[in-house]
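Below, subunit A partners subunit B and then partners subunit C, in two separate complexes.
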Partner chain A sequence: MTTALAQKKKVRINGCVASAQAAKYADVDVITAYPIRPYTATMIALAQMVANGELDAEYIVADSEHSQLSIAHGASSSGARVFTGSSGVGVQFAYELYSPISGTRMPVQMMIADRTLDPPGDFGSEHTDALSTRDMGWLMGWACDAQEAFDNHLLGYRIGEDRRVLLPQMVCQDGFFVSHITTDVELPDTGQVREFLPDYKHPYPLDPRRPVSHGPQIMPEQGPPLQLERARAMEGAVPVIEQAHEEFARIFGRRYDPWIEEYMTGDAEVVFFLQGAHGVTARYAIQHMRQRGAKVGLVRLKTIRPYPTDRVKDVLGRFAVVGVIETNLGLGSVSSGGVLYAEACAALYESAQRPLVVSFMAGMGGEAIVLKEFYWMTQKMLEAKKRGKIEKRTHWVGFED
Partner chain B sequence: MSYTELTVWTRGIIMDKEGRDIVNSVAAAGRLEGKFAQAMENYVDNPDRTNAPTRKYCRLSESAIENELTYENEQPNIVVLVEQTMVKGWDYMRGMPPGGTLVINTHYTPEYMIRFVPGAERLAQMVCVDAAHIAHHKWLYYRLGELGLDRLSTEGAAERSTAIAPDIAAPLIAAVVKSTGIVKIESIEPMIANKTAFRAALDQLHVMPLGQAVA
Partner chain C sequence: MPAIKVERQMLPMFASPNQGARFYNPELPQTEPFVPGHRTCAGCGPSIQYRMTSKAAGDNTILVGPTGCMYVANSSYLCTPYNVPWAHTQIGSAGSFTAGVAAAYEAMIRKGKWKGPFPNIICEAGDGSASDIGLASISGALYRNHDCLIICYDNEQYANTGIQASSRTPYGGMTTFSPPGKMVPEAKSLYPKDLARMMAAGHPHCYVATASVGYPIDLMNKVRKGLNHKGAAYIMIYTPCQKGFVYETPRSIDLGRLVVECGLYPMWEWDPEKRKFDYSFRPQNMRPVSEYLKLQGRFGHLHAEHVATMQKFANMQWKMMGVELPDALVRAADVKNVRDMGAAQAAEAVALTV
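And now, the complex of A and B:
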């Protein structure tokens, strides 16, 4: 299928439209859609591209997210490059499909623009919608701005469709903070995209001329090897992810560390550990705190599945205090706050140098985390360093002095 | 002004795209001038409903915009009312620092309209422009496609018309740019679809200077 040719150019678009543009540049074959804010904007933009003839793809509007992901699964099984997406409770309603899609090794790509679950169900961004599916065998990571979101979609297809991987991808961005703020995005030359992302060819598509079975009923003893295969695919993705980012830097000129972004960590004593858009405000807060003498930095997790355990261990082990900013809900979890804390601590368990780790519940309901809240959290970390002990595992920011 | 906030109050669906065009074009012109710029819509006003008030925001700055992720313009220096009856009933002046500018699309004069403005003492100037008249705005069914009305455009993701400011937004942008100097006329004019209305408006503004110095 063909896509209208375009030269490399700078445009002003928001994160949702950046995702739609990425799907167009990736020349997807099938789009399955069902509206829910903030993802709706991506779906609208793609509908217009198909209607205008900019993108030659099957555009299927399902009757629910469950059907939407079922159709995506079927289309991918036939060998199509598939793009879908959702937000908040929509992500949850399709839950049944996440394991079958990764279990049959179908590299469906799903754009997630985060939205809180109910309650509070407002339009704001909490990462709980996507994070609750984190162990279903999908590659997963967050962007912090529209450009990174665009790039992550191309990277996602390249990694997920690699025959050593063959796994679906959730390409996540914060609702509003990324999805609905218009900024500069560089769109590549289609020639660059073709070089980076070759045509997709699944090794065993459903085809009546070459019969194969996908996901048949099996006996219990056939289960373990199937699960081991899927686990190995996730582990096997690690070098593929690194190679893809190298290639991306070579072709497009933007270099990302696939796992972790470090900001002002060289001499840092205390660091924030977070995912997604709040990293943008964190950087400004860090600049101001450093002017006041606080040695604070930022470690932003870019890929959470597969989890970069050794990198997290090595990086976070360099600091005295780590403050995990959750932006997600892990009710009754290890920290009784969010879910990032437990995995950061688990990664650090094997480290000879274990920092103090504290969890901050901030940005809940999709509230912007403002500069003064970052100052407050920095203060809590500096106090813990001085004391040599955390005050408590989880702070609810805005509810304490 | 090293940091400026522009807030546009408009009506859902019928004038939504035109409201969006104002913030998007000012932000784009700001970028061309090398400033940091951001444009967005009020997140919870969308998806818009016909005639419901919706807000659009633009931020321009000489340095990085550190409050980039906050939802609303909390201290608008410039406020635009795309439809004149919005002058009553909403506190569009909330948070405006002294020295602000209020622009209204109306055939009335500033001397008449000022009585409805809450907190007018914060204004340096009030600007009235008869944008509907200048743009020859007519609600004719066959013109809907070329006017701002666009039911697909909610969320700003897809617009049937790619023309920026084909209708009443053009005189309003002229009013904002000429009265405040937020961006240069020559940076923004090339983007405007209805250049006739844009240029005509530059000479047809009713500007009422008020107590405060322009901030």
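And now, the complex of A and C:
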């Protein structure tokens, strides 16, 4: 189909507004909001769209994030397309609902603009809020800029609502670095979106004409089959995700690898491995360092659930040293740093060529990772390569010489 | 696309007198959205209520069940008693999940994605859910005025977890979290949260009422009024639980009448148009609270002074409803008279056994 390219337009918006625009293009039916910075700006934008009549949706100001997510659950169970979101402690206030929503297989979409938990509770981006829910059965990945955030929302609905998947999605972006930085975003033609994203039709909604019971109490032996089904839905999402990205490229003309972005890795000896917005600064830093001869590159994880284990194994196995930039807190974890390290190492365990892996606690509290720090981390990786051994598993960047 | 107008249902009232508890009523609908065969205890007040409520609502209905006995004991996998769509939700999500269902139908009908009259959306929340952990979620749903009916089936305790005190457990009620002992001979020392009144006061645009399984037609009419009201409605319904109250199972309906006749469960309606309470419901008899207490093991530890205290509480409720107190009830609030009454009853019992 040839789509009406004339209706595409470039606008200058931040990540929060890009998310709101995506919800509008997806023609969502129910929106549930509760204020917390920085994601609030998305809901502010949506409130105005609904008030202006640009979007026909029920806009519900919930009494808490717990209610926000259960309103979303009820609405999605009834057959409506639902959009919600949160940041920081708000993500955690709703924690009880994550498993029931994926367990009943409701493709609710939740936008996350990351924020540190309390403490420190500052407005900066730390991925711990969303990452703490990573094993609850939600599809999950980080955007590195506003355009990618917009696109991920459309992709999320398309993938999550697919009958082979039926899982909720956490569409994440870094607070401030994406949510509040204004860039050029291309908004599509509504015809393109209609072609890419069919109407939401759950196979078993709460409909008086076809009575069903959702989530009845079960016996212990009836639990494992349900868990297995949910696990299979996660695994089964893999080809659906790949297909959706193909379709996306065909219709919108933007092609993404759904799992991993590689930057200047062709001849790289050491690479950074990270998620989200620090990928943008990392690219710049890598150019800078390469001009001075360092063979450093970037591997950015785009989807963390389902985890692309084999891709991570194959990609990271090509390098001598991998430096995981965490931007999250895994207190007392394997590396006593963040949680990304353990999964990267687990993926590499079966590799015939295991690189040295080191974890960097950087970007904590939502601080930018500055050029000097990229140099410092690269230095640590190059030293490890030379030595054939890491100095230690976790470095708190900025706290060591 | 222009918005499609949402069509609402209007259910007729039952004409029968509201006091009739045990007689055949030919007007009752045949439909049974809540079928028998579930695993609740014999004589379970909440399930009796469930049947009445869903019968009154009919088949164009969606039920929401927060965690509690009406979820756990009713639904077992691949075998549920709900003949209309039903969804479990978390114990703290009673109002919010229900609001989500209502919002979805508003949007889907308006946008042409679902065709038909707006369904009855009913939440069946236990008192633990409604008075404690889900209170805010219910207040939110009422405040925002979603077109739904939220029922608190009030068995005055957390039953499903093995009988623990909730904010609705009455003064003197023994539960596993409020046992009697030397330091607290009365067991539960706090008075129940005035939940329904709190809902009426805080959400005056809503239809709010109290009801009891002792008065089925009154209960079903209130359900229909709540459903017909465009916007949110809330009904708190007395539903005895034999496991926690410890009584003979055939007496559930009797307790549902005695609790009203003893002044311990004021029956009223809040009229959102007139913004007024309607206290006109009158039970056939007025009785001392001891008549109600003595049937239940959960009050078996009470001393005369505790019974008198409860009578004082009941007398205040009668006064609140504008009922003139008979002398007998005023006397029953005096501990000395409670002792004499107890002695007289004991003497009578002994005389009978001799």
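Keep this in mind: the second predicted complex is superposed on the first by the 395 of 401 C-alpha atoms of A that agree within 3 Å, B and C clash if a C-alpha of one lies under 4 Å from a C-alpha of the other, contacts with A are read in each partner's own complex, and residues count from 1 in each chain.
The working rule: a contact is a pair of C-beta atoms (placed from the backbone, for glycine too) under 8 Å apart; a residue touches a chain by one contact, two chains touch by 3 or more.
These numbers come from a predicted model, not from an experiment.
K.L.:
What does the overlay on subunit A give for subunit B and subunit C, a clash or a fit?
P.N.:
Fit - subunit B and subunit C, as placed by superposing on subunit A, sit side by side.
K.L.:
Output check: A:Asp56 vs subunit B and subunit C. Expected answer is one of first, second, both, neither. What do you get?
P.N.:
After superposition on chain A, A:Asp56 lies in contact with subunit C alone.
K.L.:
Using centres of C-alpha atoms, tell me the angle at subunit A that subunit B and subunit C span after the overlay, to the nearest 10°.
P.N.:
100
K.L.:
Is A:Pro208 touching the first partner subunit B, the second partner subunit C, both, or neither of them?
P.N.:
Touch partner of A:Pro208: subunit C, not subunit B.
K.L.:
Thinking of the overlay built on chain A, is A:Leu371 touched by subunit B (first), by subunit C (second), by both, or by neither?
P.N.:
Only subunit B is touched by A:Leu371; subunit C is not.
K.L.:
Is A:Asn14 in contact with subunit B, with subunit C, with both, or with neither (first, second, both, neither)?
P.N.:
first
K.L.:
Given the touch rule stated above, what does A:Ile181 touch, subunit B (first), subunit C (second), both, or neither?
P.N.:
A:Ile181: touches subunit B, not subunit C.
K.L.:
For A:Ala346, select first, second, both or neither according to whether it touches subunit B, subunit C, the two together, or no partner.
P.N.:
neither
K.L.:
Give one of first, second, both or neither to describe whether A:Ala72 is in contact with subunit B, with subunit C, with both, or with none.
P.N.:
A:Ala72 sits against subunit C, while subunit B stays out of touch.
K.L.:
If you stack the two complexes on chain A, which partner ends up touching A:Val238: first (subunit B), second (subunit C), both, or neither?
P.N.:
neither
K.L.:
Once both structures are overlaid on their shared chain, how near does any Cα of subunit B get to a Cα of subunit C? Whole angstrom is fine.
P.N.:
Value for subunit B versus subunit C, nearest C-alpha atoms: 21 Å.
K.L.:
Take the contacts of subunit A with subunit B and those with subunit C, and give the residues found in both.
P.N.:
none
K.L.:
Flag every residue of subunit A that touches subunit B in the complex, lowest number first.
P.N.:
The touching residues are 12, 14, 16-17, 20, 37-38, 40-42, 44-45, 47-48, 122-124, 176-177, 180-184, 277-278, 280-281, 284, 368-371.
K.L.:
In their shared complex, at which residues does subunit A touch subunit C?
P.N.:
Result: residues 29-30, 32, 56-58, 60-64, 66-68, 70-80, 82, 96-97, 100, 104, 199, 205-219, 222 of subunit A touch subunit C.
K.L.:
Taking the complex as given, what residues does subunit C use to touch subunit A?
P.N.:
3, 59-62, 64, 71-72, 75-80, 82-90, 92-93, 95-101, 103-108, 110-111, 113-114, 116, 119, 136-137, 139-140, 143-144
K.L.:
For subunit B, which residues are in contact with subunit A within the complex?
P.N.:
Listed in rising order, the residues of subunit B that touch subunit A are 24, 27-28, 31, 38-41, 43-44, 46-47, 64, 66-71, 152, 154-158.
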